[in-house]
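I'd like to ask some things about the structure below.
Residue numbering begins at 1 within each chain, and the chains themselves are lettered A, B, C and D in the order written.
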Amino acid sequence: MHSVGICGSDVHYWQHGRIGDFVVEKPMVLGHEASGTVIKVGSLVKHLKAGDRVAIEPGALREMDEFCKIGRYNLSPSIFFCATPPDDGNLCRFYKHNADFCYKLPDNVTFEEGALIEPLSVGIHACRRAGITLGNKVFVCGAGPIGLVTLIVAKAMGAAQVLVTDLSASRLSKAKEVGADIILQISKESPKEVASKVEGLLGCKPEVTIECTGAEPAIQSGIYATRSGGTLVLVGLGSEMTTVPLVHAAIREVDIKGVFRYCNTWPMAISMLASKSVNVMPLVTHRFPLEKALEAFETARKGLGLKVMLKCDPKDQNP
Amino acid sequence: MHSVGICGSDVHYWQHGRIGDFVVEKPMVLGHEASGTVIKVGSLVKHLKAGDRVAIEPGALREMDEFCKIGRYNLSPSIFFCATPPDDGNLCRFYKHNADFCYKLPDNVTFEEGALIEPLSVGIHACRRAGITLGNKVFVCGAGPIGLVTLIVAKAMGAAQVLVTDLSASRLSKAKEVGADIILQISKESPKEVASKVEGLLGCKPEVTIECTGAEPAIQSGIYATRSGGTLVLVGLGSEMTTVPLVHAAIREVDIKGVFRYCNTWPMAISMLASKSVNVMPLVTHRFPLEKALEAFETARKGLGLKVMLKCDPKDQNP
Amino acid sequence: MHSVGICGSDVHYWQHGRIGDFVVEKPMVLGHEASGTVIKVGSLVKHLKAGDRVAIEPGALREMDEFCKIGRYNLSPSIFFCATPPDDGNLCRFYKHNADFCYKLPDNVTFEEGALIEPLSVGIHACRRAGITLGNKVFVCGAGPIGLVTLIVAKAMGAAQVLVTDLSASRLSKAKEVGADIILQISKESPKEVASKVEGLLGCKPEVTIECTGAEPAIQSGIYATRSGGTLVLVGLGSEMTTVPLVHAAIREVDIKGVFRYCNTWPMAISMLASKSVNVMPLVTHRFPLEKALEAFETARKGLGLKVMLKCDPKDQNP
Amino acid sequence: MHSVGICGSDVHYWQHGRIGDFVVEKPMVLGHEASGTVIKVGSLVKHLKAGDRVAIEPGALREMDEFCKIGRYNLSPSIFFCATPPDDGNLCRFYKHNADFCYKLPDNVTFEEGALIEPLSVGIHACRRAGITLGNKVFVCGAGPIGLVTLIVAKAMGAAQVLVTDLSASRLSKAKEVGADIILQISKESPKEVASKVEGLLGCKPEVTIECTGAEPAIQSGIYATRSGGTLVLVGLGSEMTTVPLVHAAIREVDIKGVFRYCNTWPMAISMLASKSVNVMPLVTHRFPLEKALEAFETARKGLGLKVMLKCDPKDQNP
């Protein structure tokens, strides 16, 4: 492994030992945003060889089930997934992964870009499910790492204007830096008030809203804000039950679509990075050698900065 | 006018004078499920002439707005709609309607079938938005008129098995009569229990659930029941806020799509009726001459039978 | 193996030793429309056990490539395919196949129905790519086995009227028997004349045309006949170069889509057969025990009847 | 009117008096790429007022037919279209147009950008029908005005790499200037050779090919070049009959989709121009006052430069 990003879920498993029904019951290696160099390949592997630089898709199919056959392999219940118990992650020096889910990086894509394909993939999958197209106005709730990659992808897919909200002014200024057309800091507004501010700032209701906080008020504002016939994508994961103005969405045919990780995103992400069509490097705010993992995790836990990178190759700590 | 069906909304306006934000503020003619014979046409009308038998689409565009241009004219906020205040309906002898929304009936389609295209259209639009395709297992909540037309359309679109639930045994036996493969009477089960019974009866989770009750527990059971990657369509309209296991839908990518009336359904409904591919006549349980409208409305209000037809042509009271 | 149907391609390999670039270079077992009983399963197989009756999908993936990942595994260039050189088919007593592509048959689906899922799948894939929906008028060129399964599927997906053409009157009467609404025998008409007859008989241009002959005039008539904005699906495979009125399709936005075999069709076909929503049994016109394979192939070669079934289990020659 | 671009079809009508079945039978005003200032509006018009700067969509519906209702109004056979006989165009000082097809320009969009929305719309419609998405490799045949707008839109929709071909080196250097990643000058290569060069240069077959020449060899190379499961969009209009390797497209499921003008493009084009997400100004190579129309047409006829603009407002000849 060369570079491994720390994700909110890594911090959560570390602190709480569980996320929903996934419980850590024995020691588990963390990490699922990773890139590295191939050391050895199995005899059947044709597309990779030792020395190749690769990005790793952490979800790897264990069986060819109905979801795989229709191209939605992220929904396969038996999928292996790095750092989701009981499966080990790849925050370590050496790691073995299904070669079908390792993708060769071109020379002009760095290891850190390779590692960032994981969060970027969440944004790609969300924007793709939202059906973002040329000229769209898009409302993104939340300017955490996931809100930001969603913003970046929405712009790359042709959105004319993306408005991003957050509670934190510093996160919003980062959003501005990576391409937000409009930012809106939320404090005490009701969901309907937020929706009406969004409409005012964009000049019309957005065709697409992508919710990246998991907070109930944000989901509600997403329903109120979205244009009739548009789409609200739920990326943020909140509490089990949510109270929402469902009938308000229904009679305006605002579709509500969830996102579970991603599928079929690595090849297109690599193409975009190779052609310099997206720039994810501003997301990385901290770097630590693997030896300082604890310090790195503390930094992530405190919410300082955005993406903390662990550098696992003692001989090469470059991006 | 020849035949006009009574809809739940007609009864509701009659009894309560409002539905949500639509308030009856001056006398309003009821009725929006109608067919009749053309008496006169405007000079620009080419596709119709006096004497033609027609079915009437009650929603008629008032302007060529953005929703019309993209083919989703049901979402146009300025649309005229029969018997939605302040627009008058067509439960009367003579009525004038935008010719673009009057469709010629072939000789082998009866006036009552023509009137029933309105509720049938709700079922068509719901099944189309659900993306029902060959071999699907479909779960329909509710066996009222809307649940039944949805069932009929789902079968016609190739669903292999449709399971229908209701609280009422008599409604379920009607469902069986018009083609339900499996019926399930609901009493005190929790939403999760309903979902698990549905899975048991179908042998797997349904790809599609179509909710036709508006009841919160039914919506919840729809989310739990639907297969990962499937679709829950909301036809039933309930209270303003609804509490649902949204995250359960989101992480399994069960899309939640509402339905607001319909668009582009009359031509295909007429084709289906003309080719005898669907049979909606069992829905009609009562007929009254226009003079006995009050009695007809009382029958509808008491929930006796399913569809009550008013016969507006004193010289022809045939179906 | 229990029942194996003979396909045009089997006859072609037998007679000519090649189809296009696929050349038979060493002895090859024929047969790819098959069903049978499981004798033994590998240790990792969970969904099947000895004694299960199964239908066999002849295309089985050899690697998880880009086409597999997006759910279009039929396009995988390295796919194994029964009786396509150099891969052996399953017209034999005992045969070993990738368990992921063996599907358990319910008790109420016969072995012959199981074998017929193969040609039926071509029809399903064609109709699905055509986007057939409720009330469509559909034009099917050719009433060979493939034209007939396409007709059956189109009706099951809600087509209001299907018109089938062929050169042969006997094939057209079979089409009528399995559900064609309108049949049209072609002799010397030009493609434009055929298109105009189709429009006349259907009362309007069909939204969908499915070409199942491979003949250039039929493809041309398909372009002329299809309604603006509709779809022409090419199932029939003709000569390398074809002369067509492409601009006529282009400026009316008639999409031209090919079909290469199928993917994701066995589960839905089994659902349809189990619920008795489609009936493919009239396609079988001849049955021979495996010992009389030569006679069976001669029958197929002469074009007598439609589908010739070989019965491979000496103890059970039932359908 | 303020600015009106000259299109190939204008030159063609001027020189030949017809395009296909459209024959100029009486004097006809040319011009359909136009923008100007509103002088007067009808009493029912709400979204515009005198003084508004507007871009004009030249196709305006005459009736609410089936194509309009499904959102594909460009296919309406009775549509009015500027400068398509017998309908007059808008290359003149004062012109009257259906207000539903006049779109207000924001202050930061120039009149010439407004006029260029017309050719840009062809590119938008083509890329949208192609389904271009993030990371796609795209092959555009032809670097005329239409090839260039297609290139610009493909990049804006997230294409990672666009390769453009042409016979002319100067047109290709313009393509490079407006964003082509790779250019390829065609001379005597066979269609298969072109396809193989395209694959070599892109590193893989493109998912999408957009044909903007109408030349038979280019269409053929488009079929050979496109990746299995991809799409070939035909924008270029060639001769009536075309000889193509149709079976090669069919068995690889390369969809062939035509483009007839556009629909629903002005609003998104205005959003893109307003947010500076696309830059079409480099397309304008010549400007003439309306008085020098003949000189302007001669320039266009000789193929000097790309887009020739006529400036119809004697008081304002700015872009």
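Just so we're on the same page, a contact is a pair of C-beta atoms (placed from the backbone, for glycine too) under 8 Å apart; a residue touches a chain by one contact, two chains touch by 3 or more.
Chain identities (UniProt): A, B, C, D = Sorbitol dehydrogenase.
Remember, predicted model here, so these are calculated numbers, not experimental data.
The chains that touch subunit B as well as subunit D are A, C. Contact with both subunit A and subunit B is made by C, D. For the interfaces B-C and A-C, the C-beta contact count is higher for B-C. Subunit A and subunit C have Cα centroids separated by 42 Å. Note on chain placement: the centre of subunit B and the centre of subunit C lie 36 Å apart, centres being C-alpha means.
Contacts with at least two other chains are made by residues 70, 72, 267 of subunit B. By the touch criterion stated above, subunit B contacts subunit D in their complex at residues 61, 63-64, 66, 68-73, 100, 263-264, 267. Within the complex formed with subunit A, the subunit D residues making contact are 124, 127-128, 133-137, 153, 156-158, 160-161, 181, 267-272, 274-275, 277. On subunit B, the positions that touch subunit A within their shared complex are 67, 70, 72, 74-75, 77, 129, 214, 219, 228-229, 234, 237-260.
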